[in-house]
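Each structure below appears as structure tokens.
Two complexes come next, and they have one chain in common, chain A, joined by chain B in the first and chain C in the second.
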Partner chain A sequence: MKKIEAIVKPFKLDEVKNALTKIGVQGMTITEVKGFGRQKGHTEVYRGAEYTIDFIPKIKIDLIVSDELVPGVIEALERAARTGKIGDGKIFLSPVEEVIRIRTGERGKDAI
Partner chain B sequence: MPSDLGLTKNGLADIRNQIAQGLPAHFPPREFLRQHSDMMDGLVRKAFQAARAKVPSPSVCLMAIGGYGRAELAPYSDIDLLLLYSPSNKNELSPLAEQILYPLWDLGLDVSCSSRSIDECLKMACSDAQVKTGLIDGRYLDGEYEFFRNLYGLFTKKVLHRRVQSFAEALAQEVHPRRQKYEDPAYVLEPNIKEGEGGLRDFQVGRWIIRAKYKTDRWDSILFPDHSRMLDKSIQFLWAIRNHLHLLSGRRQDDLTFELQEKIAPLLGFPMGTKGVEEMMRQYHLSARGISNFFHDILDRALYEPSAFRKMIFFFQRKRIDENFEIAHGELHLLDPVAFKKDPSQVMTLFQHGQAYQAKLDFRTEEAVMEALPFIDDRFRASQKVNQAFLSILRKGEGVDRALKKMHELGFLSNYLPEFSEIEGKVHYDLYHVHPVDIHSILAVEELGRLRDGYYQKDYPLLTSLIREIEKPDILFLTTLLHDIGKGKQGDHPSVGADMVNRIGWRMGLPVEDRGLMDFLVRHHLLMLETAFRRNLHDEQAILRFANETGNPVRLKMLYLLTFADIKAVGPEAWTSWKNSLLMELFLKTSHFFEKGDEPQSFLKMGETVAQLRQSLPRETLSHYAEHLPDRYLSTYSSGEISYHIGMAQSLDKEVLLAEWSREEEVRARVTICTKDRYGLFSKIAGSMFVNRLNILEAQIHTWGNGVALDTFYVEDPTGEIERRLQQFKKDLKEILSGKISLKLLLSQREESGWIQKKVIPKVTGETKVNNQDSDFYTIIEITGEDRLGVLYEITQALTDCGCNIHFARISTLGNRVVDVFYVQDEWGEKIVEPEKANHLKQLLLNRLTPL
Partner chain C sequence: MKKFVYLLIASCFLIAPAVFAETAPPSSPKVDTGDTTWLLISSALVMLMTPGLALFYGGMVRQKNVLGTIMQSFIALGVITVQWVLYGYSLAFGPDIGGVTGSLDWIGLRGVGLDPHPDYSPTVPHQAFMIFQMMFAVITPALITGAFAERFKFKTYLVFLILWATFVYDPLAHWVWGVGGWIRELGALDFAGGLVVHISSGIAALAATFVVGKRKGYGEEPMPPHNLTMTLLGAALLWFGWFGFNGGSAIASGSLATSAFVVTHISSAAAALSWMIFEWRYRGNPTALGAASGAVAGLVAITPASGFVGPMSAILIGFVAGVLCYFAINLKMKLRYDDSLDVVGVHGVGGTWGALATGLFASKTINPAGNDGLFFGNPSLLAIQALTVLVAWIYSFVVTLVLLKILDWTMGLRVSEEHEINGLDLSQHGETGYSF
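Up next is the complex of A and B:
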């Protein structure tokens, strides 16, 4: 099992969600996050006052999938989240030791 | 196994169900509580008598206290008992109490039993409000009746009617921590029937205070008949829910959870499914509100009714406002109790005074308002005086939220704006919308009030300055109050609501422009958040569309404020600084667009163009291309040209390049080029023209959203060989684009052949400007210089070398001067903002303007 964490542009959420559902991903966790990387924040001027957006709003998607789904998920994420411009985001992949469904106590793949 | 009382746990549950089922449907739930309590009396007496037979029994009296004492016993409620004794034999009581309790506990009943002497009872009741309220509801069950009579005589005389105000204060304080716990939004969605706001406990507290203050059991005797009938209905409804809650869960369950809401709604006669649940919850919220108002009304009477002494002080401190009102100690008083009936418009005046003097209404005045509600009719609603007064309340800003809240609480708002009554208590059956629609609307107004008062200055400075600069706060507040008015009606709620708001505005006599503004805001109250969260704000197109729909900066500002209020009032989690970042970005970019002020006319043209295209092109073709055509492109060309371009683009599957031209004069031609966009395309075109000695006089380059580049060039060849040169140009460009030959090679070949003549030193000085202010999306590069063959190629090649992507360009030649404007982005799709990079680019361009 792997944990896939993806940071994407907010307006890409629907597309990403649809792409993932289509390939059989059952659930995901969405978080509103802010940050910056190569794409920096900026300052806007309105009526002489400056308003700084120093952290850029992004969406973080977390999902746990079984190993065989990983390539498909990554491909779907890449395709759906790409605009080709700066700030398209990143995907992080890491191993997961165990998953437990609290209600039933199921473990491993069944609990995803 | 049957207990000592000859009954099992299950047997008891059966009896309960029998009582519940035996009652005819039209019987009020109170009847169940009474019968259940009667049944319990039987069991408790049996236990008491059996206990007395077992242990040597002193002389005692058994009493029921609390809810059981009131004979209002819900299926699994606590049973509170009290043993009254004479002080001498206290020690012998605990065996007796145990003997009473054990068999009842065996039946799974939640019984508690305290034992006190009469003196102890009175003493404790003086200091402990809980003991006092327990005794208020006390009821004789068995044993020495004399003890009971004594206690009650003394209790009524010495405790109950004394120090009513501090009793009320104690009860109010108890409510406070309870409220904090149940104010959590989770409890709004899944309310606690007993402890929640407007729950059964509130009703009870009100009853106790009435008992203490007015010396009567009949709580309804001090209310208006209409009011008490409504209140009774509300109580019965809550009781009905609670009975079902207990019976379904088989325990004392007072939380009306989602799961139980679904089960109970059909039992109470509501339709199955979500609709029924929403209807039931609506009735619940309305009932709870009625109870809550009753509770606060009674509490106010007990807490604030001045003593005779204070009345005298007030007499000297009061200030007359006009013939109907005076103010004293921050409270507004109505002088003549029938003033509202004589002239209902005075009700609005009252609220105006309340706002102006920041005064509370005293409870008698509030009652007078409620009493006057039937006089609020169509004439009242259409009265100019009333409506002007209402608008002036809204316009004033300060305390608008408090005024509206009070109007709503007293039922005045939904009489004045009858449309509002339809969203009262209306709930969404989901986890996101915490509050019923009317409360949500009032909260939204409150949020605007807070914003205006500077409460969010630190977190949201932009919004704070916006609400202070808008010219029509009255329209904003009114629209915010009414933005969800279409909820629950057939159809799309923003459009339905917009129509309703239009009618309301008309009735209130608002000018047509204000009605238009309200219509727009309600109809599009979801537009800004949808755009901010679902559209790419780095795409100029998205911003242009939004600006186009918004229309002007006034609407934009109000829409931003309304969006803020709307989301903020959904629930504490809904509004985040994350959401605000996106909304603020959208707001600022759109404002910049309006500030530049040059585009709106071209939009008018754009609309026409699209309409014409719709007629001339097959629907599929248009729908396939329409979304890709940038507004800037649409506003440049006529619909005829655009259909022609689309025709060219359709052949791109087969051809690398499409280039067509029409001769305008002997030496000039208009060339249209259609190909797939690629890096450095413009410089390749300009270069190919250059090698063919075609001088570019004008150019328009556009890139469609689907990657099709559509460029038109106006070119000249003074030698009169334009046709041949264009043919060669097309051939060259095609070879370059398909990679058969490089432009560089071509240039060097032709150079060798010696036909490219180096011109003399230019007389026009070159100038370049790198402008990052005028567009949120592109760096705009403006170049002026001496015209010469190939200059455009040099410039575009320089731009390409610096990693610039040209999205749009306008090339023109004025005499021997070229004036070029390029909209560019760097390879990341961002503007070129770093000063170093911008300077480097500027320098490079200047060098190329001046030929070697």
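Up next is the complex of A and C:
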């Protein structure tokens, strides 16, 4: 089992969600986050006062998937979230030791 | 504070017997119902401008100060209403003493009844005129609060409201509008308050930025507006209320009110456009805040001229107001003054332009009771307007400076540094604006 964290542009969320459910992903958790990478922030001007906004809004998607789904999920994420412009985001992949479904007590792959 | 409240209550009792003794006379047949209707509606429209201003300012501050900022405007409705009834109206409009102040004959609204007043409101009950003027007295000091937003102590602010109304607004209103007031006698034209409302508050704001000082972190950390939709809603309410502000200043329904209503709208529209266009040209974006600020600048500028100019003049007045005020607030950024919400740039500069523009564009064909301006063949009006602008500038600046200095020594103007960091909402009012 793997945990996939993807940080994407907020307006791409719907496309990404549809692409993932299409290939069999059954659940996901999203969080509104702020941060910067190479894209850096932007400036806003209010009545002549210029402010640099360092942290720009992104959506973080958390998924736990079984190993065989991983390549498909990554491919779907890349395809759906890409605009080709700076700031498209990143995908992080890490191993997951255990998953437990609270309602039934199921463990491992069955609990995903 | 306690002493002050007791004093206030005691003074109510002192004045009350005199007022109750005077049973309201039956309204006289001279009252015109159409005029009265329009003046009462106008009073309600102008009342709505103060909460509108609260939203306009409230959206421009940081989230932690939204209630503190809104309260500074909102509570003026409470404080100034009582002050106006007790003695403010009498100081401003009561029987003249030497051209400089009203007497105290009308304290507690003694003698301010339901008959028309021959000079101020010949076809409308005197009390209707009184409450219409009250709404102007309420919003004017509230306008100043934008200059010291996000750092002023609420308790000191309440005392400042009373002092400023007593020593700046009431005398100026008497000079310009009171029968026998010396600026009125001079022949200066101020239809709805360019001098009395906008120059007085705009220049008081300039004095306040000097005495109060910058916000902590000004120029170093970002202080962007937290809710511009609120600001736009506030600007819309101001625009709406301004029809009463200027249209109502005819103190009658009919052609003059219509003319003032029409030019008010035109000037606001033209200024919204010009501010937006210039900001677009110099900063790359046509901002919503810019359009809203421009609209308000246009309303400010047409205020003194609204009863004396025609539609084409209104377009010019508004267009120039948007440009002038836009450049004024940019100049502030260069000079590094923390006039936080641009009261000087919008009301001081816009009001000054409006008062001078009245001397340029006024025409007797619009209002025979007015005068002709420079462009209609009479240069002397412009000189009178310039002189009175100068007087209003100096008077408001000096008196506001003195009042604030005294308050600084006695009560302190600013909240503590810790309170400023935590925000006015929690430190001054013990509540927060949002919880979602």
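Going forward, the second predicted complex is superposed on the first by the 110 of 112 C-alpha atoms of A that agree within 3 Å, B and C clash if a C-alpha of one lies under 4 Å from a C-alpha of the other, contacts with A are read in each partner's own complex, and residues count from 1 in each chain.
Heads up, the rule we're going with is that a residue touches a chain if its C-beta (ideal position, glycine included) is under 8 Å from a C-beta of that chain, and two chains touch if they have at least 3 such contacts.
Values in this document were obtained by computation on a predicted structure and should not be read as measured data.
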item: Which of chain B and chain C A:Gly84 touches, first, second, both or neither; value: first
item: Touching partner for A:Tyr51 - first (chain B), second (chain C), both, neither; value: both
item: First, second, both or neither for A:Glu32, with chain B first and chain C second; value: first
item: First, second, both or neither for A:Glu68, with chain B first and chain C second; value: neither
item: Common interface residues of chain A - those touching chain B in one complex and chain C in the other; value: 44, 46-47, 49, 51, 53
item: Parts of chain B lying in touch with chain A, wherever the complex brings them together; value: 461-462, 465, 533-538, 576-579, 581-582, 584-585, 588-589, 591-592, 828-830
item: Residues of chain A defined as touching chain C within the complex; value: 44-49, 51-53
item: Residue numbers on chain A that touch chain B, as the complex places them; value: 9-11, 13-14, 32-34, 38-39, 44, 46-47, 49, 51, 53, 55-57, 83-87
item: Residue ranges of chain C in contact with chain A within the complex; value: 60, 222-225, 283, 285, 287, 289-290, 293, 329-330, 332-333, 342
